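Below are two complexes that have chain A in common, paired first with chain B and then with chain C.
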Partner chain A sequence: MTPGRTLSTRSRRALLALAVALAAACLAVGTAAQEDVRCLSCHGKPGFKKTLASGKVLELFVDPTSLRLSVHKDKHCVDCHADVSEVPHPNVPQKVNCRRCHYSGNTAGAPQIEKYVEFEQSVHGKALAEGNTKAPACQDCHGDHFILPGSDPRSEVSHKNLPQVCGRCHLEIFGQYEASVHGKALAKGIMDAPVCTNCHGEHTIRKAADASSSVNAGHVANTCAKCHAKVVIMEKYGVKAEQVATYNESFHGIANEFGVLTAANCASCHTAHDILPENDPRSSVNAANIPKTCGKCHAGANANFANGRIHINAKDKSAGIVYWIALGFKILTLSTLAGLFVHIGLDLYRKFRNRKAHHGEAKP
Partner chain B sequence: MTEKGTVGTVERMTRAQRLVHLVLMVAILMLVFSGLALAYHEQGWAHAIISLMGGFGGRNVVHRTGAVLLVLVFIYHVIATNVSASHQRNALASVPKPADLKAGWATFLWRMTGRGEAPKYGHYTPMQKFQYWLIFLGCLLMGLSGVVLWSPKISLELFPKSFFDLMLVVHSSQAQWAFIILLVWHLWDVHVAGGNFPMNPAWITGRMREDLYRAQHEGEWEAMQKGTKE
Partner chain C sequence: MSAEQLKTAWTDQDTKALSDTLAGAVASALESEAPKDMTEEQAARLRNALSSALAKEAVLDARRAARRFFEEETKREKRAVREQVRVDKVADSVERLSLHIRVQHMILFSSCILLIVTGLPIKFHESAIAAFLIDIMGGPSVTRILHRIGAIALTFIGVYHIYYCMVFKEGRKTFDLLIPKLQDGKDALHQILYFVGIKKDRPLFGRFSYIEKFDYWAVYWGMVVMITSGYILWFKDWAINAFGKYVFDIGREAHSDEALLATLAIVIWHFYNVHFNPHKFPGSLTWLNGKISMEEFKEEHPLEYEEWLAAREKGGDS
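And then the complex of A and B:
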C-alpha cells in the first residue's frame, strides 16, 4: 500500500468486521462481569451456606478477591461453573471440570503439560475415573478460587504447604511425617527437606506395589538418592552422602539392583514416613531397635545385628580394620602381580640370552 | 623338532590326581566367575555373567555349588594324602624345605646373570610348592570366611555384625589375590614356561614329554635314572 491512497472497499469491510467482533467480545466480557455480580449477590455474602438432605453443610461463600488474586484473575464464575445459567439453580451445580480449558491446543492459553495427562494414570486419577467420590480432582489439591503457582509461597501446593494438603485425607501419614526428620526440618523452614511429592511424584503418584512407582521397592533407593547422594545438600545437615554408595555396594543393594525386591531398600530399615535420626530412641535404626527392624526380614535377629556399622565403606578409614585389610590385600595383590611380571620377565630374559649364546656358538 | 615322534613320555599325574585337578578347576571357575561378577556388579560384563547364571538367585546357586565342590575336593585331598601311599609320596615331595629357598634364590640369580648351571628341580619345583601351599591355605581361609557369609542369619546370631564385615572383606580381597596367582602364575607355568607351549597335557593325559620332564625336573630325573640303573 502506498501512502496517501484511500482504503479499498475490501479493506474497509474487513475493518468493519473486526470492529464488530471487538464490540461483541467487549459485550461478552461485560455480560460475564455482570453475571459475576449476580452470582455474588448470594455467594458474596459471608456465611452463605446450604444444608443438604444428608445433613452435610455446604459452605457456599466465595471471597471475590481470592479469585482476583489467583492465576484465574481474568476469569468469571460461569467460565468454570459452565452448567450454571439460571438463578436459583434448577439442578445442583456439578464439580468444576478443569479440562474445559486445560487441554492441549486450547485457545484460552491455559497451560497444558504432560504431567496433567499423567494424572489419569495416577492412583488418584484412576480412583476418580472408577467413580470414587473421595478421590481428589485438581481443585482438591490446588484449591478452588485461590489457585496460585506452586512457586508462590501462598499457594496451597507450595513446598511448605503441600504436606497439609495431602494430610487433609492422609491424616495418619501426615502425623508421622510431621514428627519425622523431614517434617521437622520443613517446619523449621528448611526448603531442602522433602515433602510428599518429592518422593511420591506430583501427578504421577502410584501405589508402591506398582513397578513404575517412584516408591516401588525397585525405585526407593534411587528416589532417596535424588537428595541423599548429593554432597552439597547432605553436608549442610551433617548427613553422609556416601550412604547411597555404601547401600549400593551392600548385599541388599546389589540384590536390589538385580531385581530381588525382597532385599531391603532404604525404607525397609529407615521406614517411609517415620524417618528419625539414629540417635533418637524412637528411630527404627536406633541400636536398641535394630534387632526388631532387622527381624522384619531376618526372623530371630538379635543384638549382634547392632554390633557393628551397617553402612560400611571399606574404602574409608572409618571402616577400621575392614579398611586396613582391604588396603593390605590391595597392596599384596598389586605387589604379587608386579612380582609375577618380574618372574615372567626374567624367565623370558634368560631364555632369550641363552638362545642368543647358542646361536653365537653355532656360528664359527 | 624332527625327533618329536620318537620322544617318549613320562607319567606326571595319576588318574586320581587328574580327577581332583578337574573338579578343583571346575569349582574354581564357577567360584571365580560368580564371585567376580558380584564384586564388580556395576560392570557390564558382570551383568552379562549374572544374567547368564539365571539372575541373582542363579548366581548364588552357582557360587555355592562351586563352594561345595571345592570343600569336598579339599577334604578328599587331605584324607587321601594321609591314607594312600602314592598320595603320601606326593605330599612328602611337596613339603617345603630350606633347600627350596636356596633353589628359588639360585633360580633368580641364574636368570639374572646366567652364570654357572641352571638349577635342578625335584618332583615339584620350589615355585610349584609355593603355589600349592598358597592355594592350600587360601582354600582354608576362603572356606572359613565363606561359611560365615553363607547364612547371615546364623552367623549374625553367633557373631557381631563387625565380624561378618571382616569375613566379607577377607573373602573378597583374598579371592581376587588368589585369582591373580592362578591366572598369571599357574597358567603361565603350564601353558608357556619350560617349553610347555601351547600346553602341558599332563592334566588330561597324565603324561609329559620326556625331554620337557627332564628339563623341568632334572633333579628328580637324575635320581630316577640312578634308580633304574641300580
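And then the complex of A and C:
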C-alpha cells in the first residue's frame, strides 16, 4: 500500500488549501507594504473625498505620516481594514473593529488588557450595541490613524485634550466644566485638575443611577476623595483636605455610608460640573445661594442655613463654638471618668484589705 | 395534756414537803379550837374528817391554779410566736423603693438602652460592630424610627418625673432628700479617708448617699442635654430656620458627646455600684421588687434604717 492511496480526497484537498494559505501568507508579508502603496494611490491624495447620498461629505484622505508616527506605526492599512481586498471596493468598507487585536491574549502586540470588555459594559458600549448611531466607538475618542498613548500630550485622550473630546457630544456639560474651578485650573495648565474621566472613568463609564458607577450617589464621596483627601495635592491650591473627613463625620456622610442615598453627597451641594469656590457669587455654596441649595432637600430652608459652617471639624478652633463645646465635654468626660475610676479603685482596695484582715484573724 | 404528764409535774418529793408544811399549819390552827383532852378514838376520827375536807379543797384549788397556769402559758406562747415572726420579717428585707419609683426607673432604662443601641452606632459609624448593629436592626431607616420611639419614651418619663416630684407626697419627699447638701461633700471625703485607711469606719448614709445623689443628678443633667439637643436634631429644619445652622451644630456636638459621657458613666459607675461591686454581684433585684436586705439596709443606709425602725416602733405594734 502506498501512502498516496491511503489519503482520502477530502484530506488531499485540505493539504492543498494549507499549502496555498502558507504561500499567500508568505506573499502577504512581502506585499503588505506594497498594498499600502496601492491604498495610498487614492487615499494619499489630499482632498480625496466622497459625497454621500445624504449630502454629507466623507473625508477619505489619510496622511501616511500620521499612521507612521502613531502607536500603530508597524501596522498596514489592511491589518485594520481587513475587509478591503479589491480596488475599487465592491462594498462600502466597514468601520474598523479594534477588537481584532485589542483583547487579553492577543498575538498582535496590542496591550494585554480587556478594555474592550469594559467598554462593552459601559453606557457607550451598551448604546452602541443597541444600535444607537450617535454612540461613540473607540475611534470617536482615540482618533483613527494618529492614535497616541494618553500620556503623550499630542494625544486626543491626553489629560489636557480629553474634555474637548467628550465635549464634542456633551456640549452643554463641557461648557459648565470649562467655567468651573476644575476646568479653569486645567486651562491654566494645572494637570492635577480632574477631567471627565477622573470622575466618570474611562472605559467603565456608567449612568449615575447605576449602583456600580463611580458617580453613583453611593460612590461620589469616594470619587472626589481620590484627590480631595490627599493633603499633598490639596495644600498646593489652598483647599482643606479634611473636607472629606468632615463630610464623612457629618450626618449626610454617615447616612450615605449606611446606604441612605437620598442623603446629600459632595455633588448634591457643590454640583457635579458647575463647581465654583464658595466666594464666587454664582457658586451653589455661596452664602447667598445656600437657602436654594439646601432647600433642594430641606424644604423651606431660609438664610439661617448659611448662619454657621458646613464642614465642621470639632477638633479645630475654626469650628468656633462647636470646638469649645467639644473641648468642654472632653474635659468633663475625662475628669468624670477619672474620678469614678479612682473611687471604684479605692473601694475595691479597701474591700480587699478588709477581706485580708478577716482572713488573718481566722487563722491565728 | 395527759394525766401521766401531770403526775410527773407533781413528784413524791413535792407531796412530802407539802404534807409536812400542811401538818404543821393544821396543828397550830387546831390548837385553839380543840378541847384539852381527846381520846385516841376521838383523834382518829378528827384525822379522817380533816383529811377528806383538805383533799376536797386542795383538788378544787389545784384545778383552779392549773387552769390559770395554762391560760397564762398559752398567752405567753402566742406572744413569743408573734415576736418571732416580726423579728424574722425584719431580718429578711424591706421594701425601699416603691412601685411608683420602680416603674419610672424601668421606663427610663428601657428607653436609654434603646437610645444607646440605636444611637451609638451613628457616633462610631466606622466600626464593624456599628454596621453590624444597624444591619441586624433593619438598616438606618428602621433605627431612626426606633431612636425616636426611645426619645418619646425618655421625654415622657422626664416630664412625668417632674410631675411626680411636684404632685405626689412621696415624690416631694424623695426629691427633698435628693437635693445635695454640704453633708454629702463631708461624706464623700469621709468615705475616701475610710478607703485609704485613715478613718476606721464608713460614713453613715441616710436615704440617699452622695453616690446615689450623683447618679440621680447625672441623669438629670443628661436628660436636659440629650432631650434639648435631640429635639434640635429631630426638628432640624425648623431649628436651623429659627436659630441658625450653628445651633444645630452645637446640638449635634452636645448630643454626641453627652451620649458617650452618659453611656460610660452608666456602664462604669452605675453598673459597678449595683451589679459588679463584689457585694452585689451579679446584681440585685431591687429594680424589680424594690427590696433591700436588712443587712444591706443597715450597712448602706444606717440613718434611714434608724428612721425606719423609729417609725415602725411608733406605729408598727398596733
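Criterion: the second predicted complex is superposed on the first by the 314 of 364 C-alpha atoms of A that agree within 3 Å, B and C clash if a C-alpha of one lies under 4 Å from a C-alpha of the other, contacts with A are read in each partner's own complex, and residues count from 1 in each chain.
Heads up, the rule we're going with is that contacts are C-beta pairs under 8 Å (C-beta built on N, C-alpha and C of every residue); 3 or more make two chains touch, one makes a residue touch a chain.
All values derive from a computational prediction rather than experimental measurement.
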Superposed partners chain B and chain C on chain A - clash or fit: clash
Partner chain in contact with A:N354 - chain B first, chain C second, else both or neither: first
Contacts of A:N307 with chain B and chain C, given as first, second, both or neither: both
Touching partner for A:F258 - first (chain B), second (chain C), both, neither: both
First (chain B), second (chain C), both or neither touched by A:L332: both
Partner chain in contact with A:V322 - chain B first, chain C second, else both or neither: both
Partner chain(s) touched by A:Q94 [first = chain B, second = chain C, both, neither]: neither
Which superposed partner A:L340 touches (first chain B, second chain C, both, neither): both
Intersection of the chain A residues that touch chain B with those that touch chain C: 251, 254-255, 257-260, 298-302, 304-310, 312, 314, 319-322, 325-326, 329-330, 332-333, 336-337, 340-341, 343-344, 346-347, 349-350, 353
Residue ranges of chain B touching chain A (in the complex, touch as defined): 38, 41-42, 50, 55-57, 59, 108, 110-112, 114, 127, 152-153, 156-166, 168-170, 173-174, 176-177, 180-181, 184-185, 188, 193
Residue numbers on chain C that touch chain A, as the complex places them: 122, 125, 131, 134, 139-141, 192, 194-197, 236-237, 240-250, 252-254, 257-258, 260-261, 264-265, 268-269, 272, 277-279
Interfacial residue positions of chain A with respect to chain B in the complex: 248, 251, 254-255, 257-260, 298-302, 304-310, 312, 314, 319-322, 325-326, 328-330, 332-333, 336-337, 340-341, 343-344, 346-347, 349-350, 353-354, 357
Contact set on chain A toward chain C in their complex: 251, 254-255, 257-260, 298-302, 304-310, 312, 314, 319-322, 325-326, 329-330, 332-333, 336-337, 340-341, 343-344, 346-351, 353
